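Listed below are the structures to be examined.
One chain, chain A, appears in both complexes that follow, with chain B as partner in the first and chain C in the second.
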Partner chain A sequence: MSQSTMQTDVTVEIGQETLAGRLRSMQSIWILGVLIVIVAIFGVLEPTRFLAYNNLMNIAQNASIWAVIAVGMTYVIITSGIDLSVGSVLVFSSVISAKVMEMMGDKGWPTVAVGTLLALVSGGLWGVLNGWLVAKAKVPALIVTLGTLSIALGAAQIITSGLDIRSAPVVLQDSVGYGRVAGVPVISLIALFVVILGGIGLHMTRFGRYTFAIGSNELAARRVGIGVDRKLIEIYALCGLLAGFAGQLSLAQYGTTTIAGQSLTNLNVIAAVVIGGTSIFGGQGSMLGSMVGLFIPAVLLSGFVITGVSPFWQTVAVGAILIAAVFVDQQRRAAAARGGRAAVKARRAAAPASPGVAEYK
Partner chain B sequence: MTTLLEARKLCRAFGHVQALDNADFDVSAGEVVAIIGDNGAGKSTMVKALTGNLDVDSGEVLFEDQPVSFTTPHDASSRGIEVVHQDLALAPRLDPTQNMFLGREVMRAGVAGRLGFMNERKMRQDARAAFVRLGSAVRSVTMPVGDMSGGQRQSVAIARAVSWASKVLFLDEPTAALGVIQTRNVLDMIRRIRDQGIAVVLISHSMPHVLAVADRVQVMRLGRMVITMPAEGTTVEQLVGAMTGALDEQDIGRSEIA
Partner chain C sequence: MLFRRYAIFGAVAALAIAGCSTASSNGDSAGGSGGSNKTIAFVQGVQGDEFYITMGCGIDAKAKELGYTVQTQGPQKFDPTLQKPIVDSVVASNPAALLVAPTDVQAMQAPLEQAAKAGIKVVLVDTTVNDPSFAVAEISSDNVGGGKAAFDAIKQAKPDGGKVLVISTDPGVSTVDARVKGFEEAANADPSFDYLGVQYSHNDPATAARLVTSALQKNPGIVGIFATNLFAAEGSATGVRQQGSVTANVCPDFVMW
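Here is the complex of A and B:
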C-alpha cells in the first residue's frame, strides 16, 4: 500500500464520526433506557394514577433538592474524588440561614435573600475546606469529607442545641416550597436551571474539560500546566456551594431545618450519580446520567406506592440497580480494554524482535 | 549550527544513587541527537531535568545561550520544548482531540470564550489534520484514547508533542510499542521535523533506529555523558561498547567530549 493511499484511508475513516455512535457508547443512554422501561411498566400497570400530571410533578418535586446536590457531586466524582459531607453541609447551611432569618424577623424577600446568600457562603466555605484538604494537604477525599460530615453536623447541632428551627419565612415556603408555575413546582424549575447550568459547565467549558482531565490522569493534567490543586479546590467549593443552596431549598420545601433527616443524603446522591454512569474511578460521567440515576429511585418509590408494593422494596431495588449498573459498565469497559490489548499483542507479534536489543545482550 | 539547548555538569542524587553525575548534553536546531545508555544510566533523568519535570542539585541549563531554570513542564513547553514521555502522559478517558489540546484549548471568540466555552469544531479539525499529516494510526478523533491500541495511543502522544514543539522535541522510547510500518512512520516523521529546523532528542534502546535517524549519538553511563559520536560510520558494536564501558573514548578516534 503506498503512502498516499494510506493517508486517504485515514482521512476517510477519521471522517466517519457519527453522533449516534458516540451516544451509543455512553452509559447514560443505556441507563436512560432502564428508566424509560421502569416508567413504561408502571405506566401500563397504573396508567391513570402513575402517569397523572400531578404524580409526575410530585416525583420531580421530590427529586429537586437531591438534583442540586448531584450536580456538584458529579463534578467531584469525575475528578475521582468523593464528597460524603453534602448532607451535613446542607444541614449546617440551612441552620445558619434559618437562624439569621429568624433573628431578622420575617420581612419577606430581603430576609430570604440574606438567608440564601448565607447558605451559599457557608456551604461554599465547607467546600473550600474539603478541597484544600484534598488538594493541598493530600488527605484522601473519603477521609476528609467523612471528617467534615461529622464536624458540620456537630456544629449545626451545637448552634441549635439539636433542636430544629421551624421558622422559615412564609414567602420562601409559599413561593419556592409549594409554588407552581404552569403546574410545575418552582423548586423543580430552580433545580432544572442549576442542572442545565451545571451540565453546560461540565460538558462545554474548559472548566469541565479540566474536571475530566484531572480524574482521567492527574499527572498528565499537571504536565500540561493545568493548576490541578486550584481546580480541585474550586470543584469541591462548587459542591459545597450547591449543598448549601440545597439547604435553603430544603428550608423552603419543609419549612424547617432537617438536622436528623439528612444522614443518608450523601449516599443516595452518590448512588444516583454512579447509577448514571459516572465512574467512581474518575474521568468519566455526564450530567444527564446523574439526573437519570436520580430519577430511577424517585420513580420506583412513587410507582411502588401507587401499585401497592411496600415502599421498602424501593430501597432493595435501588441497591440492586446500583450494583448492576456498575457491573454492566465494568464489563463493557473490560471488553473494550481486552480489545485494545489484543490489538497491541497482535502488532507486537507481527513486528520482528528488535535486532539492536538482541545484539548487546 | 548553533547550540539550542545545553546542559552543563548536571548533578542529581536520589538518596545514595547518583542519577546524574556532572552530565553534559547539547543539541542544535535542525539536528537529531540520540541519548543511549543501559538501564539506569540516567537517560530519563536527563530528559526530566531538561524539561522541567525534575529539579537538579547542581549544574546549569542553557536555552538559546541563556541560563534557564524550568521548574514546571509548563515552563519548558512555553519555550517550545515538548516531550513524549515513555508513559505517554495521556488522559485515557479523553479523546485524541481533547488530549492534544489539553491545557491549550482553543476558545470561542468574544464573550462565549471568556465564559469558558471552547471551539470544539476547530480543535477537532486541527487534530484531524495533524493526524493525517503525520500519517498517524489514529482512526478516530472522538474515541477515548484508553480504548485504543498501544500504537494508536503512542501516535496521539507524538502528534500532540509534534504539534506544539517549535524548538525542541524529546522522544522517550517512541518506537517501543510500535510495529514495523508505524516505526518507519515515526522515524520519517523525526527526519521531517528535523528538516523544519527543530531539535530532536531521541532516547531509544533500539540501536538500528538510533543509527538510522540520529545525526549524533551521546552515550550515558552511570549518570555521566561519556561520549559523543556522529551516527554516520558508527556501528552497533561501538555503541554497545560505549554503553557498557567495554570501549573507552580513547579507543574511538572520533570522540568529541568526555
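Here is the complex of A and C:
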C-alpha cells in the first residue's frame, strides 16, 4: 500500500468527522436499526413491563460499567490491538481502592476521592505496562493482555488473600451506585459523560485521528511522522485508566471487590465494540457504534428474561449477532476492495482493506 | 484400594441422578406471563449446574401442582456482576415471587432489597446475603454440619488419618464458606488428620482438576478431598483419576440440599 493512499484516507477521515457523516457509514446504521428492531419486538410483546421506565433505566444502569470500559476498548481495537486484561485490571483497581478506603475509615467524599484517584492510577499503570509491551517490546497485544489478565487478577488475590473487601464507603454506594438524579441513575450519567468525552476525543481531536491512522496502516503512520509507539502506550494507558475507573464504579454498584466475578467482562466488552462496527483489523470504528453494540446484548438479556426465554438461548443470540456484525463488516470491505459500489462506502473502507494490515497484530 | 474407586463412581452416579427426568421443563414455558400473580421466577446461581437444575425440578413440580408457572433464569457464570442484571429484569417482569440463589453476600444485597421493595416476595434458596431480613423465607441446609459430616465420612474411610484438602468454589459464597468452616473445625480437632487448607476452583471443574493434580503431586499423602459443591466434585474426581496411583477419597458435595 502506497503512502499517498494512506494520506488521502487520513484526510477523508478528517473531512468526515461530523455526526451525520458517521451515521452515513453503513455499519452504524445497520446496527442501530437492529437495536431499534429488538426494542420494538420486546416492546410489542411486553409493552407494560419491558418498556416500563424503571426497566429501561435498569438496563442503562447495568450497562454503565461496561460502557466506561468500552470507551477505552474502542480506541485499542481501532489501533488493531486488543485488551483482554480489562476485567482483571478492574478488579485490581477496585481492590487497591477498597483497601485504602478501608484503612482510611469511612469519612465520606474525601475517602471516595482518594479511592477514585488510586483506582485511576493503578488502572493507568497496568495500561502503561500493556502499552509498553505492545509498542516497545513488540509482543502481540493478544499475548500481552492475556498475560496481564492473569497477573492483575493474581496480584489482586495476593493482596486480599482471595477474600473480597466488602466495605465501600456508604456515600459511594448510596449516591453513585444506587442514586438517581431526575430519575436517571447517577452511575449512568457518569458513564455517559465518559462516553461523550471519549467520543469527542476519538472523532474530533488529533489524538483520535492518529488512533485511526495507526490502525489503518501502522507503517504509513510512522512514515508520516506520527510517534506511533508513544501513541500506542497512551492508548493502552487510557484503556487501563478507564478500566480502573470502572473498578471504582463497580465498588459503588456492588459494595464489594468482586474478585471472583468480572471473568466475562473483557469478552462482553470486546463483543459489544465489534458488534458496534469497530473493525478488529483496525482503522475503523465509532464511539456511537460501540454504545449501540453494548446495548444490544443488554436489551436482549432484559427482554429475554421478561418474556421468559430460556437463558441458554440468550448466549446463542448474542453470539449469532456478533458473527453477523463481523460478516457485514467483511462484506463491506470486500466490496470496497473490488472498487466499491457506493463511493462513500468505498473511500471510508479503502485503507484497512489491505491484507497486510490484518497480518500485523 | 477399592473404596477409592467406589467413592469416585459414587460421585459420578450422584451427578447422573442430579439431572432429573423433567430437566427439559426448565424455562421452556414461552412467551406471555399473562396472569401476573401465577408466575414465579427462579434465578439460579449459575446456568447449567445440575444442583440448580435439580432444585428447579422440585420448584417446577410443586408449582405445577399449585397451578403456578415457573420462569427459570441464570447467569453464565457464578458471578454477581452477571446475576444482578438478570434479577433487575426479573423484577421488571413482576412475578408473584422470586426464588433466588444469591451469588455474593454483599453484591446481591441491594438488588434483592429493591426486588422486595417492588412488592415481590423474595425467597433465598441455598445461599444467602448479609442481611436477609427482607426475604419472606430462606431455605438452606445445615452447611457447617455438612462440612463436618464430610470430614466424618473421610475419617470413616481412612481411620488412620493423613492429609486432607478442601476444594471450594470462591470465597464469599455463604453456603460453601460454611461447609469449609465445618470441615475445617472438625479436621483441626482431630490430631491424626493434617488439614492442608482450601483451594478455590472458581466453580470450574477444569480448574478443580488442575488444583487436585498439583496438590497430589506436591502431597502424595493426601487421603481425602472435600469438594464443596458439584463442579468442584466433578473436577476433583477427574484430578484424582488423572493422578492415578494415589489413594485419595473424594467426598462430593455431601450436603445435598
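Heads up, the rule we're going with is that the second predicted complex is superposed on the first by the 314 of 361 C-alpha atoms of A that agree within 3 Å, B and C clash if a C-alpha of one lies under 4 Å from a C-alpha of the other, contacts with A are read in each partner's own complex, and residues count from 1 in each chain.
Following the convention adopted for this analysis, contacts are C-beta pairs under 8 Å (C-beta built on N, C-alpha and C of every residue); 3 or more make two chains touch, one makes a residue touch a chain.
Small disclaimer: the values here were computed from a predicted structure and weren't measured.
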Message: Output check: A:103 vs chain B and chain C. Expected answer is one of first, second, both, neither. What do you get?
response: neither
Message: Just to be sure I read the superposition right, which of the two partners does A:220 touch: chain B = first, chain C = second, or both, or neither?
response: first
Query: Touching A:212 in the superposition: chain B (first), chain C (second), both, neither?
result: first
- request: Mind working out whether A:204 is in touch with chain B, chain C, both or neither, as first, second, both or neither?
  value: first
Query: First (chain B), second (chain C), both or neither: which does A:254 touch?
result: second
Message: Output check: A:182 vs chain B and chain C. Expected answer is one of first, second, both, neither. What do you get?
response: neither
- request: Identify the partner contact of A:137: answer first if only chain B is touched, second if only chain C is, both if each is, neither if none is.
  value: neither
Query: Between chain B and chain C, which residues of chain A are contacted by each of them?
result: none
Field: Residues on chain A engaged by chain B in the complex (per definition of touch)
entry: 3, 6-7, 10-11, 13-15, 17, 22, 201, 204-207, 209, 212-213, 215-217, 219-226, 279, 282-284, 336-337, 339-340, 343-344, 347-348, 350-352, 354-357, 359-360
Query: For chain B, which residues are in contact with chain A within the complex?
result: 53, 72-74, 77-78, 85, 89-94, 98-99, 102-105, 107, 115-118, 128, 131-132, 135-136, 138-142, 146-151, 177-180, 182-183, 205-210, 236-237, 240, 243-244
Query: Okay, in this complex, where on chain A does chain C touch?
result: 45-46, 49-50, 52, 54-55, 58-59, 61-62, 65, 162-164, 166, 173, 177-178, 250, 253-256, 258-265, 298, 301-303, 305-312, 315
Query: For the complex, which residues does chain C have touching chain A?
result: 26-33, 47-48, 71-82, 84-86, 88-94, 103-107, 109-110, 130, 170-172, 200, 202
